[in-house]
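One structure is given below, represented as structure tokens, and several questions about it will come after.
Letters are used for the chains, namely A, B and C, taken in the order the chains are written, and counting of residues starts over at 1 for each.
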Amino acid sequence: MFFQSHARTAVLLFVLIGLVLYAATGSYFAREIVVEIAILAILAISLDVAAGYGGMVSLCHGAIMGMSAYTYAILSVKFGLPTLPSAVGGIAAAAVFGTAVGWITGRTAGIFFIMATLAFGQMAYTLIFKSRWLGGDDGMGGLDRFDLSWLGINLGDSLSFAVYTVVCLGLVYLAAAWVLRSGFGRTLSGLHSNEDRLQALGVNTVIHRARALGFSGLLAGVAGILAAQHTLYISPELLFWTVSGEILIVVILGGLGTLVGPIVGAVLFVMLKHEVSEYTNHWHMVVGLVLIAAVLAGGRGIFGQIEYWAADRRRAGKEQSAEAGDA
Amino acid sequence: MRNKVATAALLAGLGLAGTAFAETKVGVILPYSGTYAALGNEITDGFNFALEEAGRTADFTIVQEDTEVKPPVGLAMARKLVLEDEVDVLVGVVSSGVLGAMRDFVDGAGVPLIVANAGNDGATGESCSPFITRVSFSNGQVNRPMGQWLFDQGVSKIYTLAPDYAAGHQMIAGITGAFEAAGGEIVGGEFTPFGQTSDFGPYLINAQSSGADAIYVFYAGGEAISFVKQYGSFGIDTPLYGSGFLTSPLYVAAEGEAAVGVTTGLHYVPTLDTPENVAFVEAFQAKYDRTPSEFAVQGYDAAKLLMGAVDAGATDRASLAEAIPQVSYTGPRGPLMIDPATNNIVQNIYVYETVMGDDGTLTQKVVDTIEAVQDAANGCEM
Amino acid sequence: MDAGFWILQFLNATQFSMLLFLLSIGLTVIFGLLHFVNLAHGALYMLGAYIGISAAAWTGSFWAALVLAPIAVTLIGAVLYFTLIDRLRSAGPMNQVLVTFGLIFVFIDLVRIGWGDVALGLNAPQVLSGATDLGIVSYPTYRLFLIGLGAMVMAILWIVLSKTQIGAMIRASVENEAMAKALGINVGELFFAVFCVGCALAGLAGVAAAPVLSATTGMGISILIPTLIVVVIGGLGSLEGAIVGSFIVGFIETFSAAILPGLAAILTYVLLAAVLVLRPRGLLPARA
């Protein structure tokens, strides 16, 4: 179950405002970092919905995002559609792909589910990589951002675009939180904690899992559109399984099943990567060591660990006051 | 800042006014991690070596960024170098995918880019730009001359193999077009899944039973090593030809005896017997204790072009973009100039055979030279 | 396409299957027995290749490398076991995935620092280089050696698992750990031993594959996917599953490459998806 605690709201607002301020006061590259963080955070929220609440650890979220980005590019570049319907089409494609994967893999669990999603993601990657029409590994260019000049906003400007991605991140968070608090969110958590019982109650778990992955895919689709609009160029790299692996790392690093944690994880991951790569070309190793340390430190992720400590203190506090009451 | 002024004043005082006053800021954008890290390092070494050799490291401020061979990362880094570090010129780019991602931005921002590897034909074809100058090679350029050459050697039927990605397709298109134009026949060919193929056995057997006089392939890096070794172990009697990356000095030692007798075409061979090259190889070896590869030479020539442009009086982005393609000189790989129609390099292609040297290590024997190979405009409008 | 063509492709497929088997058997038994998702298994394979190449250079003997590399990789595995693996056994698959993902990053960069970014090769020993005449066809001797090596390991593992007491203990522990403990089996020692054997086989696969392939920093990641596919298709934890999975994947990859190259890149994934839809726990899972 998902609770929007005060602590979560506070951290969320702190991070979102912090990102906007960092973009506003920082240099050009600071804005690039903000965009990178926002896109990764949206993907991580999307995966947290599936993995943290639905227990579906997917290794195809990179591919889902890529489907959205490629559909956006196909509709706008190949078919000349305006950007807005192209974006809607892209997000819809991601949702459909997510639903399809969820439905087909509905009976698999654990490592088998991970592998099945990996297989579908890699299939999508391979098909796009091989497609001459889509430019193969050379990718596709010629994309556009939304024209928001009627609002007086020029998305071509790096600051406006950075703020726009942070706003999208906020909206995605709200959408995820809203859905998780609905009845569907409760069913989803039930799926995670006790699938057998739900099945015994006559709930068609496959359909629910498909819907959950579809919704998760929809959110990842938003990230795909942003990624395409950010670089104005897309390549099959987006769909490769290691991208999905990276998203999973961010979720776990931040705190699985907390929704705010993945955002914190994205901030830390991107910052760490850029800071370390200033000094060495071996930043992967440093990231690897941080991951190992994070797990050995408790495995709850950074935000998850903080919440755990807070809960611990609250529990201790309650016990104390209970004792005081006894006396 | 103070240092720079001091140096300039000192040089002026010594009467060395010919040396550029203002430093030129160079953004070097190459892969330093990921699959092509070895190429990134090799190009960087060649580039730095040229500056040091000319004693001009002080004239250039260098900012290095890692593309990780990922197009979005490459683009982000190019933007960072141009918008934040405000470099005057970009040098580098190994992968064509990264070049494709950067192309519109570089062109729009009006920043000169010296391409030191990426061979995509289109980059100096339909999507060429007055700001993008390529000093390395184009995929077609390296392979096209081999078509006529092979046919002249009496080869009339070939079978082709290459990895299934854009560069692989362009390399093979280069050879098949030219070979057929010369009168030869392509009896078959396959594109192998890129990065997924470790066992070339199935393809080698197809090639052998195709009835071809020769097998012509493009592979590079780890795939080249695996391919050549497996070709050797099957004892296939159909001779092997290819684009010269197949037996690059960078990894030919790992291929071992299987590489002996493989004949390929490339824009640089370290055993080239010209005074320029002999001096270059000797000096490079003295510094780095290894034979320079074609990638090192690409980096070296990128620096030569840049220095040539600065010498011609270029100081900012616009003047550098104009001056860089004007530079021509005779270097390690022979005479080199930039085609004004496409900004692609015009250079010799050398046909070389990998042979066992007297000291028991593999070396290259140049068997033929096709001079001044120039690409057609391919839809390029500057 | 004559008989010779089919025989050669059959041998290619067998050779590739054997390589996959050497890698997947360790992974699957560690999965099945320790419930541990070791994504760094591919990285151990990579270490086997690089260490093997250095060992061959130092000793001047391929055979020494063939022995030394698995030993070195086993030692690395033992260190991993006591520092990380044992601690993480009850930490859940997510944390295991994360730590072993981190280990991949660490190992790749260690190899880059130690051996550089340029791909390396290893020469087969003189006895095994060249091709052997098999009557209708001649086939690379080294590949025949790989097939023999795989078959030998397969036979030894089969005998150990099905005929010895240790094998019975392993099978009992895979089947039901609590029961095995109750029967007085020292599960901790057993796990450690099995983990070491898995690492040794990964190292052996690495050094044995080096003369055919090349050693690159990407080899650990690129072999990981086919190996995981073998394990999942076969079903977790069983020798039979690993054998069947290896042969299915090895033959499909080889014959699609030979006959339907356009589909070669994708057919294995289609197969994996199909198996998981029809048999969500793989073809021959150890536990019913």
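Everything below uses one rule, namely that a residue touches a chain if its C-beta (ideal position, glycine included) is under 8 Å from a C-beta of that chain, and two chains touch if they have at least 3 such contacts.
Just so we're clear, the structure is a prediction, and the values are computed from it rather than from any experiment.
Arrangement of the chains shown, judged by which pairs touch: all-to-all, with no pair of chains left without contact. Annotation: A-C is the more contact-rich of the chain pairs A-B and A-C, by number of C-beta pairs in contact. In whole angstrom, the spacing between the mean C-alpha positions of chain B and chain C is 37. Chain A and chain B, compared by their mean Cα positions, are separated by 39 Å.
Mean C-alpha positions place chain A and chain C at a centre distance of 33 Å. Among the residues of chain C, those touching two or more other chains are numbered 112, 265.
Each of the following residues of chain A touches two or more other chains: 126, 129-130, 282, 284. Shared interface positions of chain B, i.e. residues touching 2 or more other chains, are given as 33, 37, 164, 193.
Those residues of chain C that touch chain A in the complex are listed here as 31, 37, 84, 87-88, 91-95, 97-99, 101-106, 108-110, 112-113, 221, 225, 228-229, 232, 236, 265-266, 269-270, 272-273, 276-277, 280-282. On chain B, the positions that touch chain A within their shared complex are 32-33, 37, 66, 70-72, 75-76, 79-80, 83-84, 96-97, 100-101, 103-104, 120, 122, 164-166, 169, 193-194.
Looking at the complex, you find that chain A touches chain C at residues 51, 57, 104-105, 107-112, 114-116, 118-120, 122-123, 126-127, 129-130, 241-242, 245, 248-249, 252-253, 256, 282, 284-285, 287-292, 294-296, 299.
Residues 33, 35, 37-38, 41, 164, 190-193, 195-199, 201-203, 205-206, 209, 221-223, 225-226, 229-230, 233-235, 250-251, 253-257 of chain B are the ones that touch chain C when the two sit in their complex.
Residues 27-29, 32, 36, 126, 129-130, 132, 135-139, 141-142, 158, 227, 230-233, 235, 237-238, 277, 281-284 of chain A are the ones that touch chain B when the two sit in their complex.
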